[in-house]
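The two complexes that follow have chain A in common; it is paired with chain B in the first and with chain C in the second.
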Partner chain A sequence: MLDNFLMDLKLVQSELVLLGGGLILLLMTLFPKRSKEFFPLFSVGIILMAFAVLFIPSGSWNSVDGMQGFFASLEASPLSQSFRGYFLALAAFVLLVGGSITIEKEKTAPEGYSLILFSITGGALLLSANDFFVAFVALEMMSLSLYAYVAFWSDGANAKEAAMKYFITGAVSSSFFLMGVAFIYGLTGACQFDEIANLMKLESETFLSSPLWYLGIGFLLAGLGFKMALAPFHLWVPDVYQGASTQSLLLIGVLPKLATLGFSILLLKGPFSLVYEELGVAITFLAVLSMGWGALGALTQRNFRRLMGYSAVANMGFVAIGLLPGDEISLASMNYLLIYSIGFVAVIGLVAYLQNQGLSLETVDDFVYVRQVPEAYRLLLALLMFSLAGVPPLAGFFGKFVVFKHALQHGYTFAVFAGIFVSVVSAAYYLRIIKALYFDALPEGTEGLVAETPLRQSFLVYRLSNLASVGLAAITILFAFVLSFL
Partner chain B sequence: MKLFLKLAVFGPLISCLFAGLFHRQLSKTALIRFCGFFMGIATLAGSTLFMKMVKSGGAFAVTVPLMTWIEIGDFSATWALSADPLSVVMIFLVLVVSFLVHLYSYEYMEGEEDLSRYYAYLGLFTFAMLMLVSAQDLLQLFFGWEGVGVCSYLLIGYWYEKESANQAAMKAFLVNRVGDLFLVMGMAGFFYLTQTLEIGKGLSLLQSAVPEPFVVLGTPVPALDVLGILFLIGAMGKSAQLGLHTWLPDAMEGPTPVSALIHAATMVTAGVYLIARLSPLYLDTTFASTCVVWVGALTAFAAGTIALVQNDIKKVIAYSTCSQLGYMFLGLGVGAYNGAVFHLFTHGFFKALLFLGAGAVIHSMSNEQDMRKMGGLYRPMKMTFAFMLIGSLALVGFPLFSGFYSKEAILASAFAAQDQYGLGPWVLSIISLVLTAAYTGRMLGMTFLGRSRADEALRARIHEPGLMMNFPLALLALGALVSGMLGYKKFLMGGKGFWGDKIVAPLIPHHVGIVELAPTVVGICVFVLALVVFRKWKEKKLAKSIGFMERFLVNKWYFDALYQALFVKPVWWLGQLFWVFGDQKGIDAIGPDGLTHKAVEGSLKLRRSYTGLLPTYIAALVMGVLLLIVLILFGGGRLG
Partner chain C sequence: MDITLMHYLCLSMALFAVGVFGVLMARKSLIHILMSLELMLLGVNLTFVSFSRFHGEVTGQVFSLFILTVAAAEAAIGLAILVVYFREKRTIQITDMVSLGEKVE
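After this line comes the complex of A and B, so read on.
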């Protein structure tokens, strides 16, 4: 019994490390005399450790196939392990960039970082769930911690509004998810993925003819779509992106999406594999609506944060194209999301860094001021924008390319045409930022307006973060090539 | 010798790169010194080659293969520099004039902002011209041909703030393109017949076996005639022959030293060079040669008449250049290839001299080019007057001056060829000679003699040019004086003497008789008469003397108006049609503009409908779920 339990623990080693780290941080609230940069660094260390122990269960990702534990409520497969790897690596980057860049402007408290670590625990757990209840708990753990975190750092009306809206719409979407689970349980009497999959094989006729099945899947998709910011479940996005603190924005913008997408892929390949084929129209609908809505929303948006929000919606539409059912397991969507996320973190990180330098970068037009800081930042921003717009040979192009290739191979011509059309529209708003960066004239009397008091550069973390965002940008630009052929 | 050849050709390129790349790092003076240094080395190398060639009596030949350019199957084109008598003469002329122009520009262009651009263009031009004349391969020749065309465009439009300069540059480029098209067709025909673009090899193949005639519009035409005509039209474009000459006078919008280098001494002679280089081909044709003769004779005559009524000093010289190029074509046509090249050579000196002299006048008159506002300049500008006089006498063909020898050679050949072409071309050329004397005398008289017509303030500023301008003038004057005397024996040597087998060199008939003496005497008389008559300039004097012809000439034979109506307007209308109805109202309105407007409209609508209220969000969530479920239930399968 104990042996079994210890064996089972191997499945959750990473989560245990993360949880432990979070608890230690909570304890640290008792000793407030820590220097500010300790907490982000500590958290990054914890995440990296979690990433490292991910390899331990059997030495490599590839030989854990079908390893189950805790009464088969958790399962580790090569796919889920690699998703968890991406998730943790990206989380470490996000924290390194965000935690350090925001160190001066935003409150730093150990509670905040423990919330972040709990949220990441939830995400990692979600990716190894083999049971709807565990999945729901993990999802809620990830989301609730994030709601709390957004609210935790909410100064000003915008931030409070963001936290409130995020929480309430999130709660509704969770109820959708649960509703979906209920329908499926009602039909099959099972919650474990394996069990559902087996029942599906045995009694596919009965299931596939029952509307309950489709109702369940619809609600599930809606719940997951909310986390992934797919239209029409995305209305919270612009408000939250605008109001949230930089650190929260980085977290919200990247982590739940990655975890949810990974979970969706596992779900669609696992218990729902027989019905996956039938979801073409529904996913096309989500994809096209997201792309169109996002692109149109961003097109005339002046506020940079909101623009990035709509851009996120449009980008998730592309991810959804990659999710369209195909013959074999396709990672096109995951690949796209990874490339997009790296670009997103680099952009938001760079912009926040420049804001710390005293530049006001609220609106798109404000980007003319970037020419007041060293040229490299401007070039980097422009390259990142080109990458987001999908201009070859930058990473964004390969992401789109792989997604479109996947969709074309399986005959989703309409989605691809819509995607190409949206790419053109979306290029417009990225190019507008480049126009401000390079072509617009500085307004009169703003020469040499940069920061009278630039922030202290002495923090180790500060340098690290600088390095990290530059490095991320470089990765996006150069090594995307490798990523795109995963 | 190989080293000298390389130095001569690549010196200007280095100068160009230097001026283009390092203009930020160096001061203007230092930059020009470096450019002058490289050009000087190249010129020394070129002169050495020339001396060696003259001494050896044309016996020496060098080829420097650089690399293979294209190699496809049997076809190959190579980069190579080759020095044979014809190319060495050209290399020498190009480098000497170019070097002197570099020096001259130092003073003439002082105060210009981006002088480095000017020097870079000059260097690039010189390099391209040298590539052209040292080519063994028609493809490399074409490279140089296009290169000089581009540089000509750039230099004419050097003052790009001036609308007229831009238009002139564009015009020069476009008219040249017409000629270039035919040159390409000629090259294609050459390759079709010989399977090679190498000039020497191809020509010997063409000579050894007469190719099948081409069928043009159902009638067989000798293949060589077709080639000859194509190359002729190509040459006409570059050498500003009648019909494709309209760009040359306008090209005077460029700086004056540029006019001296490109539009008098070197680039415009490329056409003459091309036909001389292909002389074995023309020797075997009758129709093509006849065309060359008449093109040359008519150009000489027409340009001479127009020069008579021009009031812009540079335009007079430009039309004179046109007319002299006509002489060269006439010489080529009647078979005096050596005579034509000789005239090219001497003309290079005295025409560059005239241009640079005119530049000195313009410079000292504060950029005034109108001869009606000059007059009496011989007093404050004695040196310049002397130089201009030498150039004019050489142009008119005063005995012992360089132009005399070369022009006589062409006239004598034209007279001797009356069996083949009749006396028409000769008569036209004699008339042109008289015209030349008249407009040259008029130009000198209006500019230097009589009373000054400039206003007081301007008159006070008139000055002799400085050393940097006088030195090139003096050297060119020397060339204009002696190049004929010293050169005629070598250059006009018949048979395989100096020219080897590179160009066909017949024996130039030479016998002093009434036929040769009379034109010269008449020319000199007319020159002196014009000098005296136009000493005092009055409006309408010219009109009275030539009557109804005046409008015709002032409008330059209506060539520009004709082209405007025939080509420019229709093309413009066509372009307008496609632009307005095709692009603007068609493709743009439906495509880019229409779609962007629709997208922006949609975006604004979306924004207006945005409430920011939570109930809306939740309603949207619910609606979304319902839609999704409907789609899953009834959609099934795939869309699209």
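After this line comes the complex of A and C, so read on.
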């Protein structure tokens, strides 16, 4: 019994590390005298440790194939292990960029970082769930910590309102998710993924003719679509992106999407593999609607944060194209999301860094002022924008290329044409930023207003890590060939 | 008249629908929205319990206990966010939640 339990613990090693790290951070509130650099560094260290621990079970993540534990409610397959790897690596990257921005604003508290670690624990757990119990609790753990974190830390005036809106939409989406689970339970009488898959194989005809099945799938899609910001469920995105602090924006813009997408892929590959083919129409609908609504919404935005929000919706549409059913599960969607997330974090991080230098970059037109800081930043921003727009030698192009190739191979020509059309439209708003960066004239009388805020010498580590992470993003953006042919 | 599974499902769907419309149609106070969220979860709970009875096994009932627990945590966080929101804005009227959004110029 005890041996079994110890074996099972191997499945949650990285979650245990993250949870332990979060609890230690909570204890540290007792000792307020700490250097500001400590908490973000500590959290990044914990995440990297969790990442390293992921490889331990038997040498490499490829050899834990199908290992199950805790009464088969958790499973570590090569696919889920690699998703957890991506998730933790991206989380470390987000915290490195976000932490260095937070530190310059001199508002750090250990509780915030413990919330982040709890949220990451939930996300990692979601990716190894083999049971709707675990999936639900993990999803809630990830989301609840994030709601609290958005309200906890604000660098603008409106973070509380953003938190309220995020909380309400998130709570509605979890209810939809649960209703979907309830219908699928009602049909099959099981909550465990393997059992559902077996029952599906045995009685596929009774199941597929039942309305409960489609109701269940519909509610599940709606619930997961909320978390992934797919189009009819994306209405929270612009407001929350606009109001949230930079650190929380980086977190909510990247981590829940990756965890939910990974979970959806595992779900479609596992218990729902028999209906996956029939979901083609629904996923095409979501994809085209997301791309269209996101791109059209972004075209009219002047506020930079809102523009990035709509652009996130459009990009999730491309991710959904990669999710269209094919012969075998294609990882095109995960690949696209990874490339987009790295670009997103780099853009938001770079803009926040420039704002810390004293520039005001609220609206798109404000980007003319970027020419007051060293040329390298302007070049980097322009490159990142070209990459988001999908211009060939950059990573964004390869992401889109792989997604379209996947869809074309399986005959979804309409989605591909819609995607190409939207890419052209969406280039317009990315190019508008480049126009402000390079071609618009500075307003009269502001030429001499070079940002005077001196770089703070005491936070050398952070400036270095910030530059290093933005540089890392730039390198990834430029040479993502390996990543794009997963 | 026998009470069948269908009756329970209709009741739980009605509860869920009341919750959804409560969230969508609330015009006055944020508290209304929080209450409607709880109602949605209760509808889900009833669905689980009635399906569990229908199948003659307990998984669904255990699930509804999980939902109750998480709903409590969710309500706690929702109310906490409501409190910090009220401290900053001195209002919980839904119509006052307009500082984020498209600015008409």
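One rule holds for everything that comes next: the second predicted complex is superposed on the first by the 470 of 486 C-alpha atoms of A that agree within 3 Å, B and C clash if a C-alpha of one lies under 4 Å from a C-alpha of the other, contacts with A are read in each partner's own complex, and residues count from 1 in each chain.
Definition applied: a residue touches a chain if its C-beta (ideal position, glycine included) is under 8 Å from a C-beta of that chain, and two chains touch if they have at least 3 such contacts.
Please read all numbers here as calculations on a predicted model, not as lab measurements.
Of the two partner chains, chain C is the only one touched by A:137; chain B is not. Using the contact criterion defined above for the overlaid structures, shared-chain residue A:172 touches chain B and also reaches chain C.
In the superposition on chain A, contact is made by A:243 with chain C only, not with chain B. When the shared chain is aligned, no partner comes close enough to touch A:9: not chain B, not chain C.
Judged by the touch definition given at the top, the superposed model places A:218 against chain B, while chain C stays out of reach. In the superposition on chain A, contact of A:425 is made with chain B only, not with chain C. Once the two complexes are laid over each other on the shared chain, residue contacts for A:412 go to chain B alone; chain C is not touched. When the two complexes are overlaid on their common chain A, residue A:158 makes contact with chain C while staying clear of chain B. In the superposition on chain A, the residues of chain A contacting both chain B and chain C are 164-165, 168, 172, 239.
For chain A in complex with chain C, the touching residues are 132-133, 136-137, 140, 144, 147-148, 151, 157-158, 160-165, 167-168, 171-172, 174-175, 178-179, 181-183, 185-186, 189-191, 238-240, 242-243, 303, 306. Contacts from chain B toward chain A in the complex involve residues 596, 599-600, 602-604, 606-607, 612, 614, 616-618, 620-621, 623-625, 627-629, 631-633, 635-640. Per the touch definition, chain C reaches chain A in the complex via residues 16, 19-20, 23, 30, 33, 37, 40-41, 43-44, 47-48, 51-52, 54-55, 57, 59-60, 62-63, 66-67, 70, 73-74, 77-78, 80-82, 84-85, 88-89, 97, 99-103.
Residues 164-165, 168-169, 172-173, 176, 211, 214-215, 217-219, 221-222, 225-226, 231-233, 235-236, 239, 277-282, 284-286, 293, 295-301, 410-415, 417, 425, 428 of chain A touch chain B in their complex.
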